[in-house]
Amino acid sequence: MFYHTKRLQYFTPPANPDPIYAKKMQELIGGSFGEMTVMMQYLFQGWNCRGPAKYRDMLLDIGTEEIGHVEMLATMIAHLLEKAPVKMQEDGAKDPVVGAVMGGMNPRDVIVAAMNPQHEIVSGGGATPSDSVGFPWNGRFIVASGNLLADFRSNLHAESQGLMQAVRLYQMTDDPGVKDHLSFMIARDTMHQNQWLAAIEDLKSEGFEDTVVPGIAYEYGKNEYAYQFWNNSEGEESAEGRWAKGPSMDGKGEFQYVANPEPIGSIPEPPQPDPRLHGTPK
Amino acid sequence: MFYHTKRLQYFTPPANPDPIYAKKMQELIGGSFGEMTVMMQYLFQGWNCRGPAKYRDMLLDIGTEEIGHVEMLATMIAHLLEKAPVKMQEDGAKDPVVGAVMGGMNPRDVIVAAMNPQHEIVSGGGATPSDSVGFPWNGRFIVASGNLLADFRSNLHAESQGLMQAVRLYQMTDDPGVKDHLSFMIARDTMHQNQWLAAIEDLKSEGFEDTVVPGIAYEYGKNEYAYQFWNNSEGEESAEGRWAKGPSMDGKGEFQYVANPEPIGSIPEPPQPDPRLHGTPK
Amino acid sequence: MFYHTKRLQYFTPPANPDPIYAKKMQELIGGSFGEMTVMMQYLFQGWNCRGPAKYRDMLLDIGTEEIGHVEMLATMIAHLLEKAPVKMQEDGAKDPVVGAVMGGMNPRDVIVAAMNPQHEIVSGGGATPSDSVGFPWNGRFIVASGNLLADFRSNLHAESQGLMQAVRLYQMTDDPGVKDHLSFMIARDTMHQNQWLAAIEDLKSEGFEDTVVPGIAYEYGKNEYAYQFWNNSEGEESAEGRWAKGPSMDGKGEFQYVANPEPIGSIPEPPQPDPRLHGTPK
Amino acid sequence: MFYHTKRLQYFTPPANPDPIYAKKMQELIGGSFGEMTVMMQYLFQGWNCRGPAKYRDMLLDIGTEEIGHVEMLATMIAHLLEKAPVKMQEDGAKDPVVGAVMGGMNPRDVIVAAMNPQHEIVSGGGATPSDSVGFPWNGRFIVASGNLLADFRSNLHAESQGLMQAVRLYQMTDDPGVKDHLSFMIARDTMHQNQWLAAIEDLKSEGFEDTVVPGIAYEYGKNEYAYQFWNNSEGEESAEGRWAKGPSMDGKGEFQYVANPEPIGSIPEPPQPDPRLHGTPK
Amino acid sequence: MFYHTKRLQYFTPPANPDPIYAKKMQELIGGSFGEMTVMMQYLFQGWNCRGPAKYRDMLLDIGTEEIGHVEMLATMIAHLLEKAPVKMQEDGAKDPVVGAVMGGMNPRDVIVAAMNPQHEIVSGGGATPSDSVGFPWNGRFIVASGNLLADFRSNLHAESQGLMQAVRLYQMTDDPGVKDHLSFMIARDTMHQNQWLAAIEDLKSEGFEDTVVPGIAYEYGKNEYAYQFWNNSEGEESAEGRWAKGPSMDGKGEFQYVANPEPIGSIPEPPQPDPRLHGTPK
Amino acid sequence: MFYHTKRLQYFTPPANPDPIYAKKMQELIGGSFGEMTVMMQYLFQGWNCRGPAKYRDMLLDIGTEEIGHVEMLATMIAHLLEKAPVKMQEDGAKDPVVGAVMGGMNPRDVIVAAMNPQHEIVSGGGATPSDSVGFPWNGRFIVASGNLLADFRSNLHAESQGLMQAVRLYQMTDDPGVKDHLSFMIARDTMHQNQWLAAIEDLKSEGFEDTVVPGIAYEYGKNEYAYQFWNNSEGEESAEGRWAKGPSMDGKGEFQYVANPEPIGSIPEPPQPDPRLHGTPK
């Protein structure tokens, strides 16, 4: 069960409203790597966790923190949308085509033209659960597989992309309030990036394996192909990488570079179609 | 530019058709972590790569290989759908409610009832670009951010989930052909899991940093919050993890455990609404 | 079966084209609460209605009217897109970065930059079945549950949001033609808001219950929790509302305010994973 | 900011696992009217609320409670998926077509065939953020418009559909644990249905209007059409309803029944296409 | 504006309910090529038509007819869902795992397990605006480009796939009512397939060109590449087709077979990233 | 299996960057009729093809070519995004509302406001798998039915819409590099339009029928309705078309014009709801 406290985890209001920046900042709420993603991903992983208690507790600690990050950003976006201009200018239009739209080339007109229309029509000046192009957040953005190593890698990836997006957005504004606010979020993303690296190390130190299901994959897999790099794109620059020679990372094989890969399988012969399905037969 | 060779990279036909398994196997083609995802993710990352040539070449090597994996699975699904029963049985129904549907409880009837209907109605016995519940693959499944470390972590995460799904599917069948086929795919996923671990190590050995944008995050972030673990979920089991104490993984801080986290921000006061938007005012 | 008459239910052309406003107006066609939603929702409810004839007839009356509303808006958008500028200006660019794009800061350029690109590339100057950010209308926007009270409440909600969106859009333009056109649509939305309120009253006067399945919910529900307000967010301002004390609206209980809610359930212990799924065990 | 307590708000484990019911129960988590919807809808409305404090507090109280409902259901689904059969039977197949799939018509086989494949392949025996057909929850399921009356009607509608769905699911099982669990959720939905009715009454008693923006709609709307019922579907049964005669619910007009509606507008003449768009001209 | 008549264009009730077939038949309502698609596609094309009156009238004739097809199928699905079993059997379960689910292997149980859960939980026994796997219809299923030849080809394609799907479904049932009903729909699809072929011929006889924008494409295109077939997949079987030699269909060129295609472009060198975006540089 | 060569099939860099045009050009990558669609559609059709070898080979030839088209466009978009301005101007703002956003009405500001935010935040200056409004490509954009005539018509439709979109985009720029690049793509689309027309002719000359499943449709369909045009929209201009009189295109009937269409079916009476589903009864 959850409780809510009225104060925000952190907050600095923007110095000025900026509806265009509000549109862009939606990426951090409802984008593939936004706060809704990490919140939902950690909560579902926590609820689905059957491993040692410290992992479950940790997942729910951070998942709960992330709900508050959506809250912080929603509040920020409401401020950025304050006094967003509703309507374009009228006067002075000489060009009959564009006249009605943009008489005097007022900066307000550019904002009206380019802001996310749903920030006025749908939400009346509030954040929406969607990304910077208005595409809605959806459940396929997250994963909770039950395998902690696989899931911690998913978390590391989400925080890596998310941190970089926050940094990019930091550099896309000069507003001191927004920058201060983002500097807190960047700090938390820094922690979370470090946290998942630490959690992966922790799994290993607890005796869990450090690649995903290596034993079972070794047992089931055709191991003669399990450490080969296939050079399917012209050029052998890829032979210079760590992945092309030396012991494999799971310690179970030796990387090989297949410079001229040849198919092993046959030419496919899909079965002839059932006549009741009216596919074209041979 | 691309070329195609008629032979499959690898292939073993199933010993028997199995339309239910065909439904499940779609997860490996069009699911979040299916072959369409890795294929598209590596190709877009390769096309978007501005880093050293070996990385670009390597991304295009593996992206090109993955197109062939979709091909292999599409061929397998066509075989699994061979002779899928089109229609239920008629006779012997005593129960007027279900009679028309399932007279004699023929195993065919269960298959007809439970298979993916689009495998007959839409594709006429072929694979579709969707997952095991029929949801279509979409572009939000992939990322190509331009930052190689962030993207290699995305790749590692995708291969980790994908490998585990292949292993799960391996254990969900007894068909020797399917098992042989999957054993090749498990081997390649094993390589690819190892490859991304190696590529991350390689980036580091080339002098790229080993966490994502640590310098810039340190410069922009409020570093007093950048290494704190907040215990937002009751219980302190999470204090036992590597993430709660000791030096941070990026070497720039020391993990701290905040056992009783308190909000730092104020109570939010979103601005009063523009009257023309008819939000409810205070 | 349906018939179509060539004349529009109502129409006033815009005084001037305005492709930016056309983008915004798409919300009323293909948004969550646009005309496609009410049209489809009422038609499916009508087709699925098994209640008294007057409700079914009424649903099909209004559903059929709404098809004409999509038609009216599609026509309006075609007019608003007339002479939309296809291309930016070329001359006078000094700044090499933006030069090719926006030489002389012509208002046309702003329109070209900010309009919905699909209004030219995809529809050639016509409306599309999508909302103001280009997201397509989809079937999850509607509901037809078979329970008329639940569905009439859905309809009331859709008309409430839709009316407010039309009013917002009315205030986002000064074009007299568009305003006249919208004033008709606002009138119809006013009727429809009133209509669903009346229909809910009518259900009650016919002897149907005035909350959704209250009897069955009372029979199945743990009634000691059925009239409690739980104060899960810090602060007791919510104790001042009608929902916190007094008789419940269904007449079956008394509202109680639980100021310090405590969980009733246990700590979850999800079952240990099947080894074949390779989840992390305890 | 949010806190989490380890105990569930309420919980009774199922007497038996039931993976088919787990599939169906997903509707209550990630369906259009599932707990993710009400949770996100109330939180976004609370964050976006600029009205009197009691409404904001109340929205955040209930939004926070709903997070715990997702948690309860996710735990229930994990239990229902316990020991779900991974694989079909092999032996005894005489019919070469279906043999590999369903030898002895074992009940396990039906479950394997019909369960949600992602409950094993993707989540390893846990809940997913999607509905009963596997379609992911998405942000278009919710609304937060800033207008409290419009939004409370949305909430009433969501709780009405959601309550009915919980009742339907209650009747779709005989498992005493599931029934007990659902009886708590039905009680909370009963409260929430009552709560939104009370909140709507409360808005009115506070002096807010009791239809959505009636004043502004009256000012902008063509009022001669604002209280007419148009009989666009053959048959006049609809003349018998409350919506066809008597004073309108907003007190501003009198319902009229237009038995033979005629279009008021002209035949549309969309403008001729820009030649650069290559539409077919007249 | 539209009118509705109470009678269906055609209808034969099913001899027996069949909830599994109802699930499959949803493909004809809300699938990519279902009746919602052709209805919406023809209506939007009609509303967007600026060509000669006969085409616009024809598009609206058929678009209006198609609304009635959705109605017919929705009615059929309601009948097929009549008496659908809500719940599984209880007794006789010996196997503790599956016992609660499927005691006696009653055919009802298979139906309960495999039907579309939303047909009970969401729609209460009615059709939904989605396809046979429950994926919702959406606006990207249709196109209305303003170019009549391009659009008539889209219509021909939609009717071709749709007719074939209706035929496949015809063969997937033995119910005489369903078969009779589908035989009407197959007849209408036959007409519509013929109609679009005729409409394409008609465009030509009116002096419109018979390929899409051939003049403009010839003017803008690099014509040395405009009639070449590139053999990018190993094997030259494709040299035997009509597309590989002889005059091109638009009469403007001669097909050539390029047996060993070579790239013409250079190796890509995407520009180095802006440092503020933190892409990996060379 | 596939191979990749480093050189692009064709490429001319743009004379100048243009991030607004980059946004629009995404339609050709990830739009309904973009290169991802034709690539995936032809590959799936090829993999699913059970007809004569020349068709399968041809499908794989062209599908493989199309992968390279995505590559070409992704490279073009990377160039168009070069030096895209990250941030708006600051100085000189007098109007407190818009000041922070658009001081001096610099053309850069318009670009910053109107470009696709994900081109910076998500992809760091690269192409994304989505269309010109940022909606992701998805698997429902394609079809592979197994029936070659139906599928070749789908291909013809996709190339027709796609060619027209490329021509529209050609006219939306003056950049000589982009124009040269597009002129190659227009040439290839010209070939592909001709190719599918040729392939349809080829099917016929091979003895396959030239409408989709005409024999089976004739056998199953109610042929008295199979050649009638129903005039459901007021006005008889549609009687003037080829579709209204003369022999039908399949040679099996004679077109008839039904000027005053009447429904043939009865008034629907959907069955009364199961009480456990709580629909409203009669």
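Residue numbering begins at 1 within each chain, and the chains themselves are lettered A, B, C, D, E and F in the order written.
Throughout what follows, a contact is a pair of C-beta atoms (placed from the backbone, for glycine too) under 8 Å apart; a residue touches a chain by one contact, two chains touch by 3 or more.
A quick note: this is a predicted structure, and the numbers were derived from the prediction, not measured.
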Shared chain contacts [subunit B and subunit C, defined touch]: A, D, E, F
Distance from the mean Cα position of subunit F to that of subunit B, given in whole angstrom: 26
Of all residues in subunit B, the ones touching two or more other chains: 1-9, 32, 47-48, 55, 57, 60-61, 63-65, 68, 71, 75, 78, 83, 86, 105, 110, 113-114, 120, 122, 124-126, 130, 133-136, 138, 140, 143, 145-147, 149, 164, 167-168, 171-172, 213, 216, 232-233, 235, 261, 263, 265, 268, 270-271, 273, 276-279
Topology of the chain contact graph, where touching chains are joined (line, ring, star, complete, other): complete
Residue ranges of subunit A in contact with subunit D within the complex: 1-9, 30, 36, 40, 43-44, 47-48, 57, 60-61, 63-65, 67-68, 70-71, 74-75, 78, 122-130, 136-140, 142-147
Subunit A-touching residues of subunit E, taken from the complex the two chains share: 164, 167-168, 171-172, 276-278
Touch list for subunit C against partner subunit D, complex: 5-11, 32-33, 46, 53-58, 60-65, 68, 71-72, 75, 78-79, 82-84, 86, 120, 124-126, 135, 138, 140-141, 143, 145, 147, 149-150, 153-154, 156-157, 160-161, 163-164, 167, 170, 179, 182-184, 186-191, 193-195, 197-199, 201-202, 205, 211-214, 216-218, 220-233, 235-243, 248-250, 253, 255, 261, 263-268, 270-271, 273-274, 276-279
Of subunit A, residues touching subunit F in the complex: 14-21, 23-24, 27, 31-32, 83, 85, 105, 107-108, 110-111, 113-115, 131-135, 165, 168-169, 171-175, 232-235, 261, 263, 265, 268, 270-273, 277-282
Subunit B contact footprint on subunit D (complex, rising order): 1-6, 47-52, 55, 86-88, 90, 95-103, 105, 109-110, 112-114, 116-118, 120-122, 124, 130, 133-136, 145-149, 208, 213, 216
